[in-house]
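In structure tokens below, several structures.
Both complexes below contain subunit A, partnered by subunit B and then by subunit C.
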Partner chain A sequence: MPTLTIDEREVSVPAGASVLEAAEALGITVPHFCYHKALGAVGACRLCAVEIQAGPQHGLRMACLVEARDGMVVSTTAPAATGMRRAVIEYLMLNHPHDCPVCDEGGECQLQDMTVAGGHGVRRYRGKKRTFPNQELGPFVEQEMNRCIQCYRCVRTYRDYAGGHDFGVLGVRQRVAYGRFRPGRLESPYSGNLVDVCPTGVFTDKTVRFRARVWDMQCAPSVCPHCSLGCATWPWARYRELLRVSGREGPRTNGFFLCDRGRFGSGHANHPDRPRTPRLDGRELGWPEALEALRERLTKLTWAHGPGAVGLLTSGRASLESARALGLLGQALGGAPVVCEPHPRRDRAVRALVAELGQLGRDQEDVRQSDCLLLAGLDPEGEAPMLALAARQAVRRGARAAVWDPRPDRLPFPARRIARLPEALLEALARPDGRAPDGLEAAERESYAETRAALQAAERPVLLGGADLLGPRGVRLLLAAARALSRPGRACGLSLALPGPDSFGGALLCPDGPDADELLAGIEAGRVRALVCLEADPLSEHPDPARVAAALGRLELLVVLDHLPTASAARAHAVLPTTAAAEMDGAFVNHAGRLQGFARVYSAGLPIRVTGQGAHPPREFRPDTPGELPQPGWAVLAALAGEPVELGELRAELARSEPRLAGLAGLVAGGPGVQLALEPSARERPDTPAEPGVAEGELALLSVEALFGSEPLSARAAPVAGVASEDALALCPADAARLGLGEGEPARLRSALGEAVLPVRLAPGLAPGFALVQRRFGGPLEGFAPGGGPIACRIEKGGAR
Partner chain B sequence: MDAKLEQDIRAEFEPQIRACAHPQELVVHLLRAIQREHGWVPDEGVELAARLLGLQPIQVEEVATFYDKIYRRPVGRRVIHVCDSICCWSRGEQEIRAHLEARLGIRLGETTPDGVFTLLPTCCLGACGRAPAMQVGFRLYGELTPDRVDRILDEERRAAGQGDPP
Partner chain C sequence: MTLWRSIRGTLAALGVTLKAIFRRPATIPYPEVKRVPAPRYRARIVLTRDPRGGERCVACHLCSAACPVNCISMQAAEGPDGRRYAAWFRINFSRCIFCGLCAEACPTLAIQMTPDYELCRRDPLELVFEKEDLLVEDGGKDRDYDFYRHAGIGVAQARGEGSEEEPPADVRSLLP
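And now, the complex of A and B:
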């Protein structure tokens, strides 16, 4: 730990830290552009000049490039340093347009801040400024190239950090510009990070262009609700409208960056058809009447038919507190059990993980620091986009990566691949002798043996998987493999993508409840007469929508609490509007068992853009706010149970009743969160039966999530709606040829998930014997709920689309 | 760019690419070959180079736009690079440039109507000892005076008319 003196104050920093980072530790910000914590230093902008007055180097130096050494004496305020910075900022401003008043970056612009900090106020340059044409980069990112100061942050983020391949740096000298070869949508799933890293207004968020200044917006630390990773976000709202999301520093999770689903998928909170008023039997009511009526009906049903007459269903979308409040409602109704997920196989997979994970859970930071990764049945782009980015950082540092998956490889890093379902391979990996499974080809056997050896030799190995493909049996095999690869003092970690942001928390609260199929059986048998769905949409998420529709039709009472206009909400007798994550305080437990809090950004209400219809809001006096009725799910449920609580009381109760959640008591939104103290369940591990295979002549259908359009929240966000990929049936060329199908030709797909006529897309990376579709809301694949693993399907030529 | 050119380039470079551990090294060679045959490098040329080398078009474009002697827009048969760096500037570059512009009737960045000359500035030709200097095609000319420039232009125009390579 070198100790040095900066501006007459001593500081000790870890070996290898730069002078700039050492100054930061003292709270001294040396002005800079190109340096970024996640991207490192390149010395491109020449702004961070300091004077080194004693130590191995002397004189004016770039603080980001000089390693802090013992005994160094540094001045950030010496005249030479401030003079250099003033000169550099003046050079950087030579060509910069004076368009701050119409620039979306204004007010949160590092160039503005640094210009002021550098002491540059009066322009002396009288020459012509260099100008550029701008490129059309798609619906998310707006480019205004004239504002560029050539810090290279964008290309370092897009290409180096995120592995994008359609963006680069063009030209030389004064003509340096950043962009694509041809205009068009940025293809990387992480393109929105350009907006965050650009220190000026070259890349701004196109979805909120000219909508608000930073000081006009409300903002609070939040957690991304679009997958299970729990990335740190700042949602920004103005006039009751959730405008945008930017990345927040999450050292254990996302680092700095976000995926485009998390960044541009927030519009669901502004959805025009979102439930905003309690509704019962087609009538809109106030809260007291609606709750009173529902409480009476639920109580009567329970009295008449026992506590089993009411079914309770939640999903990974609901917050931890809401899931707990649903459990408490069940207790108040005499012990009605909670079902965690509308998809029974997903439900069992998550519960299997939560029961056995113990301390093996690994966050994105652990993945970034790993030296050997195995991705078994994980498609990060659909299930957990940032996990691919984390794995890429490990590979950039030299980690080995292997992939066992039949789906085409879309990873932003090279990996050894076995194009098969991972189950048999994991089973072999979990066995003490580790012998390769039968039926592998020679090259695959060799690849398997190499991967196993690398995992054993590694210091920080992590197994990554996806609950959707693996299912409960695959998850147990992955856990068994991680245990088999662990030895005292060195664990093999595990990072499993789950369906929703609080899937883990939900399963933690009800480890033993029935699954959705048992619930449906109860409804079909007439035992369950009422169903309460907390932010769950069984009609869209259960693998058999026809069965769900029939069962819901038998119910005497279907109550849906949600902030999305779901198919199930449309069929409900009662809809109780809840708040979206940005409109409430709450907590999620992420995929690795990390409990993280999020804070309310703004209060729910009808956006002024809606009430004013684009003009000035109506000039009418009223004591309330239009559309303000949505309440957090937990508050609605507690009121429904007849025992209204405050969030603090609910959390305290939760921390008392579930010791693993003791961290809730001191949980702060915006903090690093708490890694739950999990013990592997002491119960005997059930032997999960293998799932039915696929017969000769049939293909195995995988219905998976896409980056956009599959996940229920972002699928209802306006900016994302235009970019969801076309519905298509992917086949490997050999299978397509056998079926007589060519690229783009219509094919009829029949499976237990339903029927659809889709154009064929040839996917050379797809393993033979598989068919792949991506579920998309609002299209023919809406009913193809992901999470079912491989199921039998039949494909034939033709059919009218 | 026609299919014949693509075939020729492919035939010329495929053996080299196969023999090369890092085909990326050949970007400049490929771009120059395309430019030699086509006069300049169109978008399709960048994409062809990317295809042959297993790169993304943007990676080729980065190199193509870095070098001022790879032309990404149509140019005349002779490209004049007149040096504007400090040695040439101190020895009369501005006068030479003005003379070139007047004689050719074009400004920097333009091409003569007969398609013979394109006039471009360049930053240092490595001929500081013979400043002021310019390069026409692949030929370097130093110690320029307006008279000498006239003679060079006449000679280059004649050679271009005969179809001599630049």
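And now, the complex of A and C:
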């Protein structure tokens, strides 16, 4: 721990820290451009000059490059240092355009700040400015190369941190430019981070080009609702419209960065067809009348047919408090049980995890620090995009990685791959002797043995998995493998991607209720006569949409609480509009069991862009806000139960009734959150039966999530809807040849999930015997709910599309 | 004595009045006659045009940020030529205190104060001026300034064609 003196104050920092970081520890910000906590220092910008007055070095030095040493005396304010910084700013401005007024970075521009802070107000150089051609980089990122100051942050983020290949630095001398070799859409799923890291306006968010200045926007610390990782975000809203999302520092979760789904998927809150008024039997009503009428009908049904007459269904999208309020409504209705996920297999997988996880849960930071990773049945790009980046950081530090998955490998790091379903391999791994399963090829057996040995030898091994492919049995096997690989004093952790941002919390609240299939059976048998869906869309999330449609048709009353225009909401007798995450306070429990709060960014309402129809806001005085009726799900449900509560009361009640959620009482949005104290449940673990699987010689269909278009929230965001990949049926070339299908030819796909005619895409990385589709809302694959694992399917040369 | 003093006082005052009858009056019979204040007088705000007749305002939000009473609001948008402009622009003159900070902040010289002080309306909503009410067909003060000619990002002229710019660099060339 070297101790040094900076600006006449002493500070001790960990060995290896730079002078810049030591100053930061004292609260002194040394101006800088190229240094970034996550990217480190490269000494490109020369702005962080300080004077070292005593110690192992002397004179003007770059604070980000000099390691803090014992006895150093550093001045950040010495005339030599400030003079150098002023000169550097003036040099950087030589070529900088004169365009802050039309630059979207203005107001949050580090270069602007430094120029003003450095006192450089008048241009002395009279020569001409260098210019660059710009590139078209796709729908998300706008480039204005003339504004660049050559700090290299963009390349270091895109290539080094995120593993992208299609972006780099070109040119020599003062013609150094950053972009793609040819114009085109940035391929990395993490391209949006360019917007955050570029300290100038070279890369700005194209989806909100010219829409707002940073000082006019509302923002509050939030948690990304687009997958189960719970990355830390800042959503930004203006004029009742959720405009953009930027990365917030989440030391245990995302670090600094976000995936493009989380960053550009927020437009669902502005969806034009989003429910905004309570609706009952086709009539729009005010809240009091709607709630009164529904309460009466639900109570009557309960009286007439017993508490089981009302079914309650939620999903991983709902906040923890809303899920709890649904439970309270169940209690008010005499004990109606809550089903916590519309997809029964997903439901059981999540509950298996929550019941047995104990202290084995690992978050993104644990993954980044791990030294050996196994990805079993996980395709991070679709299910938990930032998990791939976390794993990449571990691999960059020397961790070994292996992947057991039949899907094509899209990981941004090298990994030893066994292209098979992971179940048998995990079963072997969980056995004490760990003998490789039968039926592996020699190379696979060797790879398996090597991975097992590496996991056993590692200090901080983590098993990563995806609940969708693994299913309840796979999750149990993964847990068993983690336990088998743990030794006293050194646990093997586990990180499982779940279906929704609060899947974990929802399962925590209803550990052993019925699942969606039991609910459907109840409806079909006529026992369940009414269904309340809280931010759940059984029609698109259940693996048997036809059965759901028939069951919903039998209901006397279908109540849907949602902020999305879902298929189920379109069929409901009553729709109660709820708020999106950015419009409410609440909490999610992420995939690793971390409870995180989010704060209301703005109040729900019709955007001025809508009320003004693109022109100025309407010239009228009115006391209310148009479209202000959506309420948080928990508030609607509590009112429906006849017991309106405050969020604080609800949280206090939840903390009392569920000791594992005790942290909820003191939870603050924007804080690090609370890791839940989980104990593996002592209950007997029933042996999960093997799934029916797929007969020999038949193709196994995997319906999975894609980065864009599969997740219900972001799929309805305008910027993302335009980039979702084309619907296609992926086959490995050998299977396609056997079926007589070539690239792009139409094929008819028949499965329990439904039928579709799709163009064939040859995927050499896909294991033989598998067919792969990515669910996409708004297309023929909308009903192909992910989460069902491999199912039987028939593929033939297809008719008309 | 008192009486004499009273008479004298009355006559003197009458004299002053009589003299003033033949002098030019200091007041003006507004509204039949209107006074023209100095050009730098700060009254009704206008949005001016550049020498080519285009809207000068680039919706940069600096005037609205500078405004101490928050009476300016706008929405920026992108034109087909990549030009940033105000889709709508509103000044609420019932709140404006005519401090001139917006005009001082404006980097494009778009927003300017004029000497038109006649800004009374019976309905406060009529004091809410929209862009069409604010735009004038004139450059106002500093008629020759054209922001986009100097911005250096290739909107008013092709990239690198401005008087202060080099032609675009060839980033693929490795020649020194």
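In the analysis below, the second predicted complex is superposed on the first by the 799 of 801 C-alpha atoms of A that agree within 3 Å, B and C clash if a C-alpha of one lies under 4 Å from a C-alpha of the other, contacts with A are read in each partner's own complex, and residues count from 1 in each chain.
Going forward, a residue touches a chain if its C-beta (ideal position, glycine included) is under 8 Å from a C-beta of that chain, and two chains touch if they have at least 3 such contacts.
Everything numeric in this text was worked out from a predicted model, so none of it was measured.
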Subunit B versus subunit C as contact partner of A:173, first or second or both or neither: both
First (subunit B), second (subunit C), both or neither touched by A:130: second
Partner chain(s) touched by A:615 [first = subunit B, second = subunit C, both, neither]: second
Partner chain(s) touched by A:211 [first = subunit B, second = subunit C, both, neither]: second
Which of subunit B and subunit C A:99 touches, first, second, both or neither: second
Which superposed partner A:660 touches (first subunit B, second subunit C, both, neither): neither
Per-residue touch tally on subunit A - higher for subunit B or for subunit C: C
Partner chain(s) touched by A:527 [first = subunit B, second = subunit C, both, neither]: neither
Residues of subunit A at both interfaces, subunit B in one complex, subunit C in the other: 170-173, 175
Of all residues in subunit B, those that touch subunit A in their complex: 43, 46, 56-59, 61-62, 65-68, 123
Touching residues (chain side subunit C, partner subunit A) in the complex: 58-62, 64-65, 75-78, 84, 87-90, 107-108, 125, 128, 130-131, 147, 150-155, 159-160, 164-176
Subunit C-touching residues of subunit A, taken from the complex the two chains share: 97-102, 106-107, 128-134, 144, 146, 170-177, 209-213, 215-216, 239, 608-609, 612, 614-617, 619, 621
Of all residues in subunit A, those that touch subunit B in their complex: 165-173, 175, 180-182
